[in-house]
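The following block contains the structure, expressed as structure tokens.
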């Protein structure tokens, strides 16, 4: 069976001067195979991923794997512990507003320089090994700078250092009030059907600071540049990385966590990480969009809002999304106003509070969506 | 029909030096009758009361009243507008932590002094008039102090000044994640059946700073002291004041608001405020407790929590209330632990976040509860 | 020399489920003598007390003591670590606004019950021992309640349990932007001259939740009740407790910390805690008031404020305390307005931000102050 | 004399549904001349700029100008009014962490498209007029999007729309605890000596979201592309834009504000905005760096910090910048540790709180700085 080890990694220190740790759970299979890295709760209020990891560990205790699975739940010991009122202020560093999922490392120059060192004869395995080494070295250099680096980057880079070892990287998030959705790099489209997630966003090779991007942008750019430099050989992107959004923040649900762990196992099975498991994806409809068609509807005015469309619901252009109460006009026709869907859409998430200012992300939704083909299912 | 007027009252000024206003809606009946004062959202995230007031205004536009109804929605322009993350930090002054519903005025000495001025011959109506005048004068003195007063008190006193004019005072709140419940002073027990609220807390004559108390403690104490001083006459408490908790914070729901507006109208009908309305309370079970039996269960440890009991649910001692995930022990038997009900109880509300520290108010619930008798219903 | 031990006490657990510890430093003298308890930073942004404790420890390493000195720096691991913007949100629980220094235990009934158990023959030492035992038992009962208790109380009670063992209790705070001042219970007036603190507030036997009160109210009330019950014996209050405010929050200063440590050592010397030290108080003017004359000036309006009087400054009625800029009137005579001192006063502290709402504590100051007589000095 | 007008511009609406306004003060000279736009406090805690604008208005009431000066103090009505504890949480949107000074508009494509429409014959004045029109149109399009835009951008774009009309744009900020410094685009180097600001940062043509960049990047890029397209003509950048940091946040000081207003007037005089004023810059040393040499020193560990170097101080590599107290080691040699200057530097600002986590911006400073030549002075 799998070998299990657990350690605690010190990733930060707080105002008391105390070290802050993340737990690292590691399962090693008897057979060789892909390396998998899974983390959760880098946004401190998005706690459901921890439950998913709990259920994954339950699986991994009894399911022989190939290769290795590393799991880092509750990977942000700072963001998890900032309360403001009854909620967790977990999305950004309370000191400076930096998003906890925007400080990962990516430098295109590094890849250019790396490509320059390669010769036609080198095997892809050698190239991958050297590239991993090179990127991890660069991360290490960032972490060791004389002048230091900011907290979000510091935390992110230590996680990325672990993650960059892997062939498969899964970052577990949730939305605000949300239905399940997943970010999939366009080159890994085929993998989208293996998770049990009905809403899929295909994203381009563009770095915006998140973990999944910090992994796949490196490998995707490498593959592109290899294809340019050595066009006679065929190059693929050897690593996949995803962000999974499993429902709503501020909530945990064990049943739901088991469902999502099952979906991740189905994907790992598809990727040949499991020795002989019979775990297949669920037979559900999956709708996808390209990133440009994942739209945000911002409020034009502030006020108090009733959300009339549930995440996951399909609605038509002109349908009422929300009803706004205007407290200064309760006696007249302006008491209630409406916000309409600008297009046919699937609502994916909405803001978690009834009180909004102008410029608030009221809803996010899919427009111009399409259905994905099915794969063999459970 | 009723006469309607609207004004905006300046109750505070902000760091920009701008005045902050609350809307005051006023309906005056053609016939004399009780004065009613209703406010909402003194806790900024408890926005549902605004919807209830919207529906009350809809009623009052078409329902002839006796006396007067004054409605002040969104009565805390400061607390309504403090965001911290996506939620509203509406429960306390963000500067100093002072609860926005604990700065109202009550002084027993004032009542003692007032009683000393009375003679046996005075009519209760005269006494009430003089008492109102006296308390409002005292509030005014507080508001005019040379050295000033703190923001929460300042805001509260301006509202109390309006409210103290009334015979019936209703303060609209919500819980965190909660089922409907209502605070009823013990002397007004009979009124509890007229609202459409299934959970009732009977509270004693004890001032803790809230609006309802700041009204009824004055009148209740006055009645008690009158009974002592002039035992040969019979004295009742001439004013009723309630805090209604209509579901959960951070949410508005128009249907639910109509239901609660209907309940308030049924109560007002019972109190003879409506000329000829046929609005009766709903036929629902109503459970009550005395304040001591409204219990808070605090967490013993921090962690991530699944809430297994919904507000409104009746459970038995020993039933699982919540399931706790321990991220440092996901591989072993301590991964999941349970929090059990210490007694048979009705869950009334729970904490709105899955992330808790030790000492967090996890659940509040009724123990030793009893069913209230029914009244003629719809 | 003194025996030194250090331990870490677990006082809370956070949302990660991790234990949170406070360090407890303990010096035991070779000779018997008073027990001293000193803590700092229960308000998380008031960090200077930690520096004072550092310097006290430097002293205690080389200064033989009688009895015992227990030091608990950084005694609030929650409050110390809540950042909101660049500052520390350290004054109250960010979940519910509860002041971290208002959850200590005091129950007059306990003292009444205790007094009932005493007989005339018992020695004061026996009584003290029994009383300590009784109060600590009550604290323990609070901490062990089936339904639990709130975080601030939980934290406070664990500290009070340690502190109640002591004969001398010192709680190290700071003001916002402040000069040194100290709270002294009226019965311990004579001790006020031994600290090097120029501003003294004499406080009555009234419990408002703070640590010093939670100690001295118990002993003071006990002494009062003993005097009533056994008037033929002479009773004094055997324990002293103080809150020291050593300058401003959000700042540490090592030199200033040494100065204050020196003052505390001078007091301890006076109280016979040091074997043969030659540490005397400084020759400074000390001004005192009774609590009622320690006044807060609240703003009447919001705006932006220049503070024109430094903490420690003596000013006259009518002097300008602050200048307010009104951004909507920069072109006219209302551009600048003034806030005047309502009385002759010594400014003790002011609000730490230029931006104020109405109802903000702008200044606190002494009125009707008087000079304390001198004691033999350094 | 100058013509004065004042209006209030609605730039946002809050959760109460109320409009939020900024005051716009406008002085129009009798003679034609440059248009000047000055705003302050886009970061809500950086209030000193409002005082500077107050003093500028005092000047402009009596000093005849050429052209126009528009002044928008307190330009962020949201950020100014978010309190969290006693401080103002003014640097970023509390909902999502977005920096209030990073949502301005710049699109290089727009400039490319614009350049394509130009012919060799057009006068620069015509080009400028057309370009202004084009950029303002683009800003308007952003503001009118069907799906809306986020609050920070929304607020920023409305200000930029006003600012883009101007030839001179000045954005008034402060640092945390800071000495005066100014950001100057490299092409406008000569202007640096006219403000009374001793520390100058020369910045390249790189857009990072701030107001000054959103102005000068447009014009600078336009000038560069014009030089490329029409190399035979000589092109300069016709507009200057600066960010001035006038000391520390959370503080206002009228004298200091007058000093800075005087410096701005000296610059405006140099730019020919004043009819016949005799206002010259002060005779002070001015030190400058290129942006890369404006360094941030991040903490390696959390703890409590004494700042040993004042903003403005010149220190040597290896000098002590800060002293750190480690509360868990007060009894041993690790009690105090030191943070040293990695290079010779001028300290420009430091973090405003003694409590830091790892990864905190402890100090910012100039390395490789050089002295600017003098200009004729007062």
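Letters A, B, C and D mark the chains as written, and numbering starts fresh at 1 in each.
One rule holds in what follows: a contact is a pair of C-beta atoms (placed from the backbone, for glycine too) under 8 Å apart; a residue touches a chain by one contact, two chains touch by 3 or more.
Just so it is clear, the model here is predicted, and its values are computed rather than measured.
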item: Selected pair, out of C-D, A-B or A-D, that shares over half of its residue contact pairs with B-C; value: A-D
item: Distance-maximising chain from chain D - centres being C-alpha averages; value: B
item: Distance between chain centroids, defined by C-alpha means - chain C, chain D (Å); value: 43
item: Whole-Å gap separating chain A and chain D, where each centre is the average of the chain's CA atoms; value: 36
item: Centroid distance [mean C-alpha coordinates] between chain D and chain B, Å; value: 48
item: Per-residue overlap in chain A, given as positions that touch at least 2 other chains; value: 14-16, 18, 44, 74, 80, 83-86, 88-89, 91, 95-96, 304, 327-328, 355, 357
item: Parts of chain D lying in touch with chain C, wherever the complex brings them together; value: 4, 6, 8, 23, 25, 44-45, 47, 50-51, 53-54, 57, 61, 71, 73-74, 80, 83-91, 176, 250-254, 304-306, 323, 325, 327-328, 330-331, 335-336, 351-355, 357
item: Chain A contact footprint on chain D (complex, rising order); value: 12-18, 78, 84, 91-93, 95-99, 146-155, 295-304, 324, 326-328, 342, 355-361
item: Residue ranges of chain A touching chain C (in the complex, touch as defined); value: 14-16, 18, 44, 74, 77, 80-86, 88-89, 94-96
